[in-house]
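In what follows, structures are represented as structure tokens.
Same chain, two partners: chain A is paired with chain B first, then with chain C.
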Partner chain A sequence: MLNQKKLIVSHAPFWHDGSSITVRSYHTMLAALPAALFGIFTYGMPALGVVSLSISFAIIWELLINKVTQRTVSIGDGNAALIGLLFAMLLPATSPWWMVATGTFVAVVIGKHIYGGIGGNPFNPVLIGVAILMVAWKDYFDFNEALVNYDLRFAMVYPLAAAKHLGTSGIEAFSTAGLLLGQHSGGIGATFGLGLILGGIYLIIRGFIRWEISVSFLAGVFVTALLFHMSDPSLYAGPVFHLLTGYTLIGAFFLATEDSSSPVNFIPMLIYGAGAGVMTVLIRNIGTYVDGVVFAILLMNLINPICDKIRPKALGKVV
Partner chain B sequence: MTPKRELQIAYSLIIVFLFVGFISYAAFPAKTPDEPIRLMYKTVAGKVLFDHKIHLSDSGYGLACQDCHHHPEEPEELEEALVACGECHKVLEEGKTFPDSCLDCHEAEDLEDSEVMKKSDAFHSQCESCHQEVDAGPEEERCSWCHVM
Partner chain C sequence: MIKRSFIGLTKPMLKYEALDLKTPEPTIIQEPKKVSLFLDKTYGFKDTILLKIGDTVKTGQKLSVSENSDAYVISTVTGKISSIETLAGDYGKTFTSVSIEVDENEEIDDQFKTLAAEPTLDSAINFLSGVPGKPAFKIFSDPEKPINTIIVNGVDRDLLVGTNQYVIKSDIDAVKNGVRILKKITGIDNILIAVPQNMMQDAIGGGAQVVTVDSEYPATLPAMMMQSILGQILPAGQSCEDMGVCFLSAEAVASIGTAIEEGRIPSTKTVTFINKDGVKSLASAKIGTPVRNIINAFGVTLNEKDRLISGGPMTGATLYSENFPVLADTDAIMIQDRDNIPFISDYPCINCGECVRACPANVPVNMLVRFLEAGQYEEAADQYDLYSCIECGLCSYVCVSKMPVFHYIKLAKYELGRTTSAEATNA
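Then we have the complex of A and B:
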């Protein structure tokens, strides 16, 4: 009677809920798909070429680096495909194939695998790829120049370039609804505001990204742009314009939220997100670059480890 | 999903997207239209974005081709020989007095005394004179009216 087993407790974890990096990667790709498809329909076959080649090259680079470094083949987790898709979404539709190949190599190999693969990268791999290309071949990232032969049903001047060089008089052609519906030029998957917002909300609801980072990033952009706009309405565009143009939305939901380069605690997430938002508008309004999202997020990636020092006191710790 | 199945998906993605990407780049290269839509002039003073379509279209400024493409002068010749500004107005190689494009229609000996205005002068005089006629700038010393990008 005394030896009767009434309760058996095994070691944790007790049950696997079925979540995995693979599920996460493919769901993030699914969330990004509306914006990417919109870009492909807008810019046609050249955009499809860029997106397709980028996804396949990203996986190929990961496979090759796995083989070269004699590590387990990790392409099954879908992260390389996700990097390829997000990278393509930031590019102009007319990007040459060699730029896609180089950029995905930089993103996957230099941005991620040099640091030991997924989870070890201090910077967002996609942004490392884009930043190096932007510095190396800046003319290809000048959307006015890259899309010079496109004649779509809306004003084709790149909104952020017009705002930077001409002030608010240069952006009268852009309405908020038009910007939300993707009626402006830009990266293949970065212009369809509504699609990006819906994708972001899906990721937040599913718990794949943290709302704190996205919301604080957008708030940082909004408040800073509002202050600039209030200081000189003829020179600086309004906050809504900054929220819906350039890489802001794709940055808020798909780039700033990358796991290993963003903080995990509440206050650090707010600092990280808001800092990237503020830097974005500072670079756009008083910096050299037309769009600041790429460098702003990379800069905040850099201070991410310091942000994470702000954490709850360990339980029972006296001092 | 088993790791084997995940790998199969990844390999399938490589094959499908490589194929689609290759076909898209090879069969549908980005085309340059016969009549330009916008042109980006790269200069040391900052790039100039010129909207060719707005200048030409009736809903825009409604200019005739000959208003800018002034050579050759006869309209019937112009239809066939419409050339880009930079074909003639360009920096010449050392020792040359006229660009090679002249030889498409003229004999070399006919061109010995000819002088072609250099590109920056040609563009400045062309754009400025027309813009000032219609009171559309640029103000004196304001390079940033055009050199903005």
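Then we have the complex of A and C:
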């Protein structure tokens, strides 16, 4: 018995489908890459600086908090890098370094690790970071002000600000094709509509995000914007404009779909997505903020646990 | 191992592999020099032990360890008892293992032969509970839970396993005899044979109504079959027997048929052997044969840190030693190479919802597992449908965090079962 072979003993099942958090994070980053690269290409070195700094800082914060809380180092799972990348994609290209550092600190440490790390965060960490910055340093988030020194081949006015302050007359310069191809100002990775849509479709097909959330989010934005537009076409921009500007697309495919802060059952996913979409347009059209995606998704994150109680009856459950 | 497909939009599709059209002949495993027979340990310290080391036993002889216990095992060989030891299984089970050194001159015990002429439920309970396939006869004599339907399982519970399908294909006459005898001794007329779609023709000769089962995992688990065949939904926390439905494997029914017909208790078990590369072959071995003999017969080397599994890839149980014998209900022996073993991790649930979509019982696994991790089993059972789980293992299979979800669920059920039985005895 002593020189017996030692075999591995464990509980069933003995197969695994091979998925992992690392694969998930890296593929999400891959899907976000076209839009991010387009932003770097459009805004040049400052944008590259913001993206690199943001990813590095996110990873550093994660490593530090791992050390401080004496947990296993988890930077290898790619989640911190993903947070960094998505965070940078929402920022204006001219964001100062200290803003990136603070934002990623809030995102990774307060948004994620305070709640117990990956899977425990009730809010999307990226959005927590952005929301705090938006409230704290409003001026740096005013895209018209932030990008004032850029003169690219298109109208440099931030489309949502124009729509808010000038009504439909202010946005005549933006064509749908132009918006899709990223010919408008905004966050580094949030303007290239086509790239974001392709990335989103890739994630949906691979099953890394839940299509119900993205689709219902976009539907919520579309329907609400359409209703507003029909009520007063001169004051409120049309639905397609709302779909392609601001953070709508990146929100639909990359932010609202964050795993731990979104529901997993079918009906709750629809409620969650549609709710965030409706809130987005409400904030944009009658709220004080120019873009409502960040707060709309955070608000829906809040109701996610209650929302997810709506679920199909389990097998053999009597009540 | 079946990996996640590139298109991950849909839930995993794990198909039961149908057995080849021409019946594969099982490899006959030679009679070993020593067999080990397992019986449930139900006796106490003070009970007299009926067996002694050195006793000679005949093939077909009934061996019980104690007078106070009705657990027994039928010797599959003739020989001398060389050791009796107690072994611990998983989830608190204990076994008595009786090892017998095989004598070449086989002698047959004829106690059963006289009873076989007039088969009764009692003689079946007393002699046939340990035949290949391990039929649970006792449930037929429980007056509180009358059984009204017997489903003969011509499908195998787990993926890659083909034992019962083989029995239907190769020995449908024995199944027919078994069905006839079951009808006679239990008085239950409603007997169905469940087979995969492509085996309809093979099963018609079984003398019972044939029903087909879907070929996608986990359609052959009892709870799923209750739903698809009988249209009954198994209430959470109850077993099929509570609902009056008894599942017997095709091999068990065939063994009953053979036993009564020939007056001799069958002792050869058909085992599906699943190689490291997932290729399956059939073997036929005496109950009690060490698993090592089967592995050697197929010329496979088992290395350090490989995994040896009794049962299929989703619901089997690992064995820690090659000396472990083939039991009456060992349908498959599976070997996994150390390079192909997926490990579990201690990552928390990231709430991706893969398990929720994969779960055939609609259990909110994402919430359930958080409670189970914290050891809050009662809350898990009350609020998050622990007892609706039908134990298919798909949640662990798809888990992105590689959590041992299925393990947590089994542990929770076991721990809750322990507390309730402790409360019942103290009350």
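By our rule, the second predicted complex is superposed on the first by the 308 of 319 C-alpha atoms of A that agree within 3 Å, B and C clash if a C-alpha of one lies under 4 Å from a C-alpha of the other, contacts with A are read in each partner's own complex, and residues count from 1 in each chain.
Here is the rule we go by: contacts are C-beta pairs under 8 Å (C-beta built on N, C-alpha and C of every residue); 3 or more make two chains touch, one makes a residue touch a chain.
This is a predicted model, so every value here is computed, not measured.
In the superposed model, A:Ile59 makes contact with chain B only, not with chain C. Contacts of A:Ile310 after superposition: neither chain B nor chain C is touched. By the document's definition of touching, of the two partners only chain C reaches A:Ser19; chain B does not. In the superposition on chain A, A:Tyr150 makes contact with chain B only, not with chain C. In the superposition on chain A, contact is made by A:Ala81 with chain B only, not with chain C.
In the superposed pair of complexes, A:Ala177 makes contact with neither chain B nor chain C.
Of the two partner chains placed around the shared chain by superposition, chain B is the only one that A:Val73 touches, whereas chain C remains out of contact.
By the touch criterion defined above, A:Gly44 lies against chain B but remains apart from chain C after alignment on the C-alpha atoms of chain A. In the superposition on chain A, the residues of chain A contacted by chain B and by chain C overlap at 20, 77. Across the complex, chain B meets chain A through its residues 1, 3, 6-7, 9-11, 13-18, 20-25, 27-33, 36-40, 42, 47, 49, 53, 144, 148-149. Looking at the complex, you find that chain C touches chain A at residues 1-4, 6-10, 12, 223, 233-238, 302-309, 311, 313-323, 334, 336, 338, 341-342, 344, 346-354, 356-357, 360-364, 366-367, 385, 387-388, 390, 393-394, 396-402, 404, 406-407, 410. Interface of chain A with chain C (complex): residues 4-21, 24, 72, 77, 116-120, 204-208, 210-211, 259-260, 262, 264-265, 308, 311-318. Residues 20, 22-23, 44-46, 48-57, 59-60, 63, 73, 75-78, 80-81, 93-94, 97, 139, 142, 144-145, 148-151, 156-157, 161, 165-166 of chain A are the ones that touch chain B when the two sit in their complex.
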